[in-house]
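What follows is a set of structures for review.
In what comes next, subunit A is part of two complexes: it sits with subunit B in the first one and with subunit C in the second one.
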Partner chain A sequence: MVDEATKRTLAAIPLLKTRAGPRDKDQWVGRLKEELVSLIKYVENNKKQDNDWFRLESNKEGTRWFGKCWYVHNLLKYEFDVEFDIPVTYPGTAPEIALPELDGKTAKMYRGGKICLTDHFKPLWARNVPKFGIAHAMALGLGPWLAVEIPDLVEKGIIVHKEKTSSE
Partner chain B sequence: MSDWNEIQRLAADFQRIQLTASAHQLSERNCIEIITKLIAMNKVQVMYTIDGKEYLTPQQLEREIRDELFVHSGRINLVELQQVINVDLTHIDSKVKEMLRGDRSLYLIQGDLIDRDYIDRLAEEINDILQESGQISVSELGKTFNLPTDFLQTNIEKRMGIYIHGQVNPLERGTIYTEAYVARHAAKIRGVFSAITRPTSVSSIIYQYSFPEALLHDILRKLLDEKRLAGSVQGHQSKAIYTPNIYSRTQSNWVLSFFRQNDYIEYDSLTRLDITDPKNYLKKCLNKNVIFLESCVSGQNILGQVQAAIEDVVATPSWVDIMTLLPSPFTTGDASVLLQKHCLKSNKNNTSVQCLCDKFVVSNKFIQNCLQLFDDHMKTKAEKVYFHLLFIDAGKVAAKFASTSSTNPNHSTLTKHDDSNVTGGKKKKGDDSTSSKRKGKGKDRSTPDDLESTRSHIKQNKQDLEFMAIPEIIEVLQREHSNCEDQFLEEIASQLFSPLKRKYQEVAKSVFLASTSSVTSEKRKLHSDAQDKINGLLTNAKLFGKGLQHFSGDAHTTLGKHLLHTLCTEITNIVFSLLISEHIMVDSDPNSLNPETRSSALEKFPNNVKKAASALEKSLSGKDVEQFFDALDVVLGPSICQIMIKKLDKKKERQIIFNHRQSLIEQLNKESKPAMCLHLCTLLLFQRHTQCMIHAPGRCIPQIISFLKQHLTDEQYKTIYEYQQLIIQSIQQSSDKQKPEMSEEPKDSDNSNDNQNIDLQLQEKMTTIKAIALENKKQS
Partner chain C sequence: MANQTASLIEENQQLKAKIQELEDALAKKSAQHRVKITTMSSEVVDSNPYSRLMALKRMGIVKNYEDIRHYTVAIVGVGGVGSVTAEMLTRCGIGKLILFDYDKVELANMNRLFFRPDQSGMSKVEASEATLRDINPDVEFETHNYNITKVDKYDHFVGRIKSGGLQGKPVDLVLSCVDNFEARMAINMACNEINQMWIESGVSENAVSGHIQVVIPGQTSCFACAPPLVVADNIDEKTLKREGVCAASLPTTMGIVAGFLVQNTLKHLLQFGSVTHYLGYNAMKDYFPTMALKPNPHCDDSFCLIRQEEYQQYLAENPPEAESEDPTEDVVHESNEWGITLVDETPESEKKEELDPDLAKGLARAYDMPSVEQVRILVKDSTESQQETEEPVSLEELQSRLKGL
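Let's turn to the complex of A and B:
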């Protein structure tokens, strides 16, 4: 199950209405608009709560997204590149968020650095199509994953804090 | 396309939003924690409000305090401040203290924070009040403005002349006046004090005109200093007295003129003029050539007069009462001081002059003259008294004078003692009456004076030898100097008393010594005679007592009694006659004494003698010889008769026994009476056989003979026994003959025959008896 804090975060993200994929031309524009609005809202909320944890941008069509995400553990900021594509069947299928830097470093990851989402994520997403968008996927998928995996990985010494990132 | 534009715009928005700095928001809880940490690390300095909702920096607090002070027009209570600023009082307190340190224009008075502006305004207000009323007291102001007087005082003084137009009394700082007020009062005071002509207490003037006291003293002093007022102030504050010069000038004028006229002045008259310390006043007032006496001051003239009089006294042996030379107010005390301190001390004549009674000056020569007056009296009196005493009891007087002369070394001390008595002047007078009485009595009473025990009575004797009582001396003096005062004569008399006495004693002694030595030796002889006699008798009695031990029972008691009746009685008689002659002063013949006369004499003895003597007397009538000896020892002891008893030693004892026997033998040889002959024989025999003397009456002869039986041969005993029987017969016959004088005639012839017969036998046997006794002696 999703914890209380996550639930509250989710509730604050505006839901989407348009059911359209990248192939749906005009409707995709509408969908992309809603995605962006909800993302803006989500980031705004995060910033308001001093809980900013990622940067995202997309290509012109809004089919490919990339950026950075970070996690603060033991007062050290661990930053990773993040990227994913909008699947053709979107929003029926959830986007597969990948952290290519961590590829092969943890078991909870598919090839190419795609993160393994929890068992709850997929049914939850399925139930909420088309209401959930990219913002939800980030909040519900990547956020919890980072919270679980990074401390573990740091503990194991698999990832080391980079001087450069800390100085930023 | 508009859609894509919109997307683009949104994407840009998104990017922008992502890039904006995140609001670094902290929860309230964290904030509080961070700040407490910071405070703990001394990184920041803040303070809480009381409700804990706000922080204040110290700077802010100070600003707020200043604002509040301004709002409250320069004066605010700290508690009020605390309520307004809503910060803990301690912070305010410490902040205010800090501010006070930094800012001279702020004051903290009684919990009120005050700034200078407030005080300036206050001063203006005070000025208003002052101008209205002329004077105000700072303490009153303090009450109305609720400020401490000290603070007000200093601040008022600072603003004097700037804000406040008036002046502070420099002596009494509590009040402030306006110039006009001061001037008004100065004028009044000047007027009042100019009018005063006699010493007046300042306080009464204050009371009368209701001047402000502090101001008055100040002004008065100023006026006096400026010589605007002629006078002086004595004493301080409320006790001060103002004396105008005019008054003191008249006073000193009077004193000087009086002194110049009379050459003295009394302290009393000065006190009457309200001069409190006359001596000091006079010291200041008069020149130094004056003499301070007890009650007055005297000038040199009086002293000169007195000295002249004294010189006169020295020159012509006489005396003077200086009271007559002194002015009437002088007391005897003054006279005394004048004489002792000023005349006699400075005068070289002081050795030849004496001061009596504080006021009489007498030359020593005068006293000597007086002493000579008594020479004749003395000689006649000494002789008179001597004959008088001699008439009554020559022996006693002799004893007395013997003792006085023998204790000469004591003389000086004793007379000294008397001197000290005499110097006591008046007290002595009382004593004199009693001592003269005692003197009279002593003659009649025959006081118990032993030769040896006179020491204790010497004092008494001394008093007996007083020449004249002081009143008598006065009488004599009066006859010579009839113009003298009684008091003076008394003094002279008491001065003369002891030298006269001393002289008299010497005269008396010489008179007595010349004529009494014979009496003394007589007395002594009497005593030594008695001593010899007693000694002789006592040894005999003691030896007889020893012989007594050979008997027992009846014989013992009869013999004892006999001894007591004869020898012991004789001793007692001698002792008594001695005692009588000593204590009762009557000569008595020891032979004439009997129990009655003895007991009557007993009554007259002094107590200690009486006790011992009566014990002796009692023992005479007892049976026990030892008892008598004991009693006798007491009587003869040193405290009563003082007779030395010689101890018996063996040699002496034997000699006495021998002498006794010799005398017995002699008697026996002469003796012709048969009974006496037997008696002596028995005694001789007894002594021979027992080596003890015995004193026995005729009655006891048979007992002694029976006692002797064991020592004699049968023949001897028989002869003696027969002889004894014969004597008994003869005695019986002679007694028979006397008894029935006129009974039967015929028997008479028989009897006489018998008598003759017995006498014959007795005569015959006497020689044999004597032979036995003498023979026995030879054997021994």
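Let's turn to the complex of A and C:
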């Protein structure tokens, strides 16, 4: 269900401890700190392994997240805006990651550009509450989605490479 | 010149005739809107929209049909199931409907019931209200076009459940007609917190199975008590092709599930028949599993545990008189000169099922919750990372560090 490489990536992402959602005032601040530590570590790991593939930041409350993610296919870099809200039920349910500009371009999406996750993602998330956080959702959800969908969308000519986005 | 004037006059006349024609059509259409009816009548005449419903009283099915006007039902999700649910309750003459949805009508919805192509682009709640008001102006409507799982909308949602009913009372029943786990969990969380009964409904992504599940906080299993139940549809996952699609849907399955949902809503509100905790539908085999569901004493939802405690206390103070829920009266023998007694011959193995009910045939959990050890194999607990979180770093500093990467 989860390949070896993903397992190794996952194992290197710090786990979280606090079971608190955005409605849990003080505890949420603690959870948010854990999220940030975990995300920073994950991005650093990615950089070290020459596999840097996203940037995220949030509003002050940590309830709305946005940034960029990119995927390299045939030596060309395809970049997309990524965004999601932290639902009131978090971390009991995972965030629903969206790539709004791809909305309507692939059937593997729900309204608003929310990515369609595999059957394995939700059970895996449910079994790891509250240890999984945003970094895990990116690694297990968006990462594999991009790896499958972007090459396919490029082959079909649905997305084309934009020159400007290729410079880093 | 004269020619031109003549043709203009002719055009003018044609336009006037067209306007008259359209005005007549419009007048005819608005004349079709019926006026509000103050009391439900059981008179059997063509002009009475409630005659066939009130006939339920005459036939002895329902004692108090007109009471339906005192009830408020909140429907969360006005899609394939929710819109049909709303239409059924509107036609039944429900007192008030509160609709929640943040989606718009699209042509891709036209394989389902209720919405029309000309409503494309309208918000689902707005389009629903227009159609429903036309069908039955006696019903009161309240609509909210937002996502209930969002932090800034959730409190408003909970508030409307608590006081959106007629005369500011809590709503009588919440119906979940959403298409995702997150929204179901949000409804569950809200209803556990404010002790509100609700009914969950769902259709599988392959469109050939569905279910409804009654949640009475503390009494029956809540949505967080265990992984969701799924109706086994006898389709091998390996042969199910998911390439290029997220979900399929059929108007049939959705209509059937909406029918189940409203039937049980009516039975609960008007107190006739019995309401099953869980009713499944397997379209491939025409199989309908039913079962009772007990709450999980180790549920992750803290309010579920509070409600369970309250219910246990209630049971202790009000011990149930008879175990049988069946309203058929027991035959009482006034004398028993032969000392005849009934001996329970149920084997021990079968008795166990009642205490800890195994899943009904044809039902399964969406996934298992594995033991702690299994989780550890999947994700190694890295002790070094846990030490990092102990560092006294401010939230702002971490946020700027992430931003600065």
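To be clear about the criterion, the second predicted complex is superposed on the first by the 166 of 168 C-alpha atoms of A that agree within 3 Å, B and C clash if a C-alpha of one lies under 4 Å from a C-alpha of the other, contacts with A are read in each partner's own complex, and residues count from 1 in each chain.
One rule holds in what follows: a contact is a pair of C-beta atoms (placed from the backbone, for glycine too) under 8 Å apart; a residue touches a chain by one contact, two chains touch by 3 or more.
Keep in mind it's a predicted model, so treat the numbers as computed, not measured.
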* Room on subunit A for both subunit B and subunit C (clash or fit) -> clash
* In the superposed arrangement, which partner chain does A:L39 touch: subunit B (first), subunit C (second), both, or neither? -> both
* To do: Report for A:V88: first if it touches subunit B alone, second if subunit C alone, otherwise both or neither.
  => second
* Please work out whether A:S58 is in contact with subunit B alone, subunit C alone, both, or neither, and reply first, second, both or neither. => both
* Asked: After lining up the shared chain so the two structures overlap, which partner does A:Q49 touch, if you call subunit B first and subunit C second: first, second, both or neither?
  -> first
* Asked: Between subunit B (first) and subunit C (second), which, if any, makes contact with A:V29: first, second, both or neither?
  -> both
* subunit A residues touched - subunit C or subunit B, whichever exceeds -> C
* **Touching partner for A:P144 - first (subunit B), second (subunit C), both, neither** => neither
* Asked: Do subunit B and subunit C touch any of the same residues on subunit A, and if so, which?
  -> 29, 32-33, 36-37, 39-40, 43-44, 47, 55-58, 62
* To do: Please name which positions on subunit A make contact with subunit C in the complex.
  => 2, 7, 10-15, 17, 22-23, 29, 32-34, 36-41, 43-44, 47, 55-58, 60-63, 85-89, 92-93, 96, 107-111, 116, 119, 122-124, 126-129, 131
* To do: Under the touch definition given earlier, write down the residues of subunit C that touch subunit A in their complex.
  => 103, 149-152, 154, 180-182, 185-186, 189, 224, 227, 237, 244-246, 300, 366-367, 369-370, 375, 378-382, 385-386, 388-389, 393, 395, 398-399, 401-403, 405
* Which part of subunit A faces subunit B closely enough to touch in the complex? -> 26, 29-30, 32-33, 36-37, 39-40, 43-44, 46-52, 55-58, 62
* To do: Quick one: which bits of subunit B touch subunit A in the complex? Just the residue numbers, please.
  => 3-4, 6-7, 10-11, 13-15, 17-18, 20, 22-25
